[in-house]
Structure formats: structure tokens, C-alpha cells
Amino acid sequence: MTVRNSKFQINTKGYTDIIDITHKVKNEVYKYGLKDAIVHVYVAGSTVSLTTIEYEPGLIKDFPEIMDKLVPASDFYHHDDTWHDGNGHSHIRASIIGNSVSIPLVDGALQIGTWQQVVLIDFDNKPRSRTVTLQVLD
Amino acid sequence: MTVRNSKFQINTKGYTDIIDITHKVKNEVYKYGLKDAIVHVYVAGSTVSLTTIEYEPGLIKDFPEIMDKLVPASDFYHHDDTWHDGNGHSHIRASIIGNSVSIPLVDGALQIGTWQQVVLIDFDNKPRSRTVTLQVLD
Amino acid sequence: MTVRNSKFQINTKGYTDIIDITHKVKNEVYKYGLKDAIVHVYVAGSTVSLTTIEYEPGLIKDFPEIMDKLVPASDFYHHDDTWHDGNGHSHIRASIIGNSVSIPLVDGALQIGTWQQVVLIDFDNKPRSRTVTLQVLD
């Protein structure tokens, strides 16, 4: 097997900012010219997530609204007793959603739906710079 | 390393239909006669998920009820302003649950609990045909 | 490719007990002396999860509180009609959070944040012994 690692940076606005990184992922993957592989997209950090969603204006509003209903930014979190940084909800949201997606490459094509994008979601309560790590294994 | 890809189809009823695909996964994996490997089970699409659950009649009722409490089908979603297809909740649920599971194969045995099944959950609001991609890497 | 499997046991108290397993994961991974690899951490079972979180006393209280708000232990679950073991909420929580994390190893360093730990969360309603399976693929 070969493990091919690459990284790229994403600047976010925080506050459940949802950023489509599909093109960056595809560019990195397709440059290797492989046929069959597994693509692992990963972001380090405890207030940021990766998942997939249909990236259209409606859902980009719906997703933050649902997250704020489930894990409200306005609630009290014990995390604030430790750090006083007001982002307890960011941590909990990130732990629920997770921070990687793994997508098969089959016959040279990334197996992602037409109406499905790979997104980075920054739950922190300030702008951040995030490093996405991409691994292509074949 | 070898990447072994295979695919199979699953017809669903939609509406958080939960389908046990453990036997299909095991059949595909065990036919290779491998000892140690990683098994990646994946479904493309933005209204469908893969996870594991104890597949028994009670939980098969509980899981959709909880999902409808957390992300109600009857709520308004901005997604409807874009597509008018009434499945905003389906998208949000799928983004939360995720669309792949990775299971170790150790000494020829898939490391899944006795009371644990790999399930496809179709959150869409109509019957669908879904393609599951299976990758076995060793 | 080489698939390196190892296992270790974790004893839990149940009731959304959150246990930091980062050191155990790092010890297993770093003993191989590899440069680039993918690390897959997995736990079998339908009432237990793996995720990452900043392991500090505040969040270790917040996470169980949020889970009990979203999927309350005190609610009725149809699962009880089948087994009468009172842990329907444990199963649902585990299916939502998932049971594995995959972390890149790049230039000999596990790509995990300074304020981010790999945790096992036992949602069952009694103490359990859990087996974590670790796969390092390069």
C-alpha cells in the first residue's frame, strides 16, 4: 500500500460556518490518477467537524438552526468554569458530528452523490484557520 | 495493499426505514478468505446513513421516534425554499448520523458485537434504491 | 500494505462514563515507529461509542447532560418491550455518536489537537468491560 498525505488550510468565520471543500478534495485525489483507493478527509481540533451535506442555501441555514436547537449556544456549560471562553456548545457539537469522512474511489471516480458535498463546519465562536489532512490509500 | 471494491443495491421504503445489511456485508467480506483487514462500508447520497444498532423490533421503532423528536419532519426547513420537496429533515438527519462505518477484520472475524448489526437508514420521504459500496483493504 | 492489529481492555462504570484513551492509542501507534499511516480506533458493542473531545472536567459533565436532554434515560423506549433491561437510550445514543475514529499519522505524529483527546463513552446502564481494537495501516 501507499499512504499519500496532503494538507490544505481553510479560513472560517466560526459560528457554525459551513464551507464546501469538495473541489479541494477532488483536486488532491484526482491528481494521483488512481483507479481504486480509499480517501480519508480529516480535520484536527475539538470545535470543528467534517461531514457531507447538499450544499445549497436552504440547508446551509437549516443545519446551524437545528444545531442551536439541539445544543444551544445560549445555554450554560460547565466548560465555561474551566476556560471562560463561551464555546462549550462548540465542543459538544463537534463531538457529536465527528471530524472525518472516508469516501471510496472506484474506477477513478470519487463515490459522492451529485447533490452531496464534503463540508467543514466550524462550531467555534470566533474565526479560525483549520488544517484539513487528506489521505489517499491504495 | 490491495483495495477490493464491491457494490450491492438496497431498495428502501424511505421515512427512516432501517435495513439490516450485516449478512450482505459479511458475505462480501468472507468470500475473500482474509485474516486481517479493514472493512469500509459506505453509501453515497445526502438523505441516507449507515450506522450500527441492535436490530430488534423495539429499537427499530425507537430510533425513528427519537430522530423525529430531534429533527422533526413536520418543522419548516429553508431547504424547501430551494427544492419544495419536503425532505429538509432527511438531509439534516443524514448529515448528523453520517454515511459510512469502518469495521476491523481480525483473525478472519468481523469485529462486530453479537447484538450489533450494520444498518442502512433511509431518511428520504419516498422509496429509494441505494448503492452500498464495500471496500476491503489489507 | 501492512495491517497491524492490537487490542486493549477498558473497564467502565457505564452511565455515559467518558474515558480518555489517548495515551493507550499513542503508545500502540508509536511503538511501530512509522512515518505515515492511518490509525483506526474501534470498539465493538451497541451501547458504547468512540469520539474525540477536549477531556477537561467541565465538558465531561456537559456531554452526559446534553445526551440526557437529547435522548433521555427516563423516557420510555420500545426496546424495553423486547429485553426489559432499561437501556434503550444507551443503544440510541451509541448509534448516533458512532463507534470508531480514524486519525492520520503524518511524519510520525498523530494528527490530533493539543486540546483534543480520543475518548471511549460507555452509554450502558451498568459497568462494562470493553475491548478497543486498533488498526494501523501503512
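Letters A, B and C name the chains as they come in the text, with residue numbers starting at 1 for each one.
Quick note on the criterion: a residue touches a chain if its C-beta (ideal position, glycine included) is under 8 Å from a C-beta of that chain, and two chains touch if they have at least 3 such contacts.
Quick caveat, the model's predicted, so the values are computed rather than measured.
**Student:** Turning chain A onto chain C with a C-alpha fit: angle in degrees, nearest 5?
**Tutor:** 120
**Student:** Is the contact between copies chain A and chain B built from the same residues on both sides or from different ones, judged by whether over half of the numbers are shared?
**Tutor:** Mostly different residues.
**Student:** In whole angstrom, what separates the CA-based centres of chain A and chain B?
**Tutor:** Whole-Å distance between the two chain centres: 19.
**Student:** Would you please write down the residue numbers of chain A that are in contact with two or more other chains?
**Tutor:** In chain A, residues 1, 70, 96, 98, 102, 137 touch at least two other chains, as defined above.
**Student:** Would you tell me which residues of chain B are touching chain C in their complex?
**Tutor:** By the definition above, chain B touches chain C via 1-2, 36-38, 51-54, 56-59, 61-63, 66, 70, 96-98, 101-104, 106, 111-113, 115-116, 137-138.
**Student:** In their shared complex, at which residues does chain C touch chain B?
**Tutor:** Spelled out, the residues of chain C in touch with chain B are 1, 3, 5, 7, 40, 42, 44-46, 70-71, 77-83, 88, 91-92, 94-96, 98-100, 102, 133, 135, 137.
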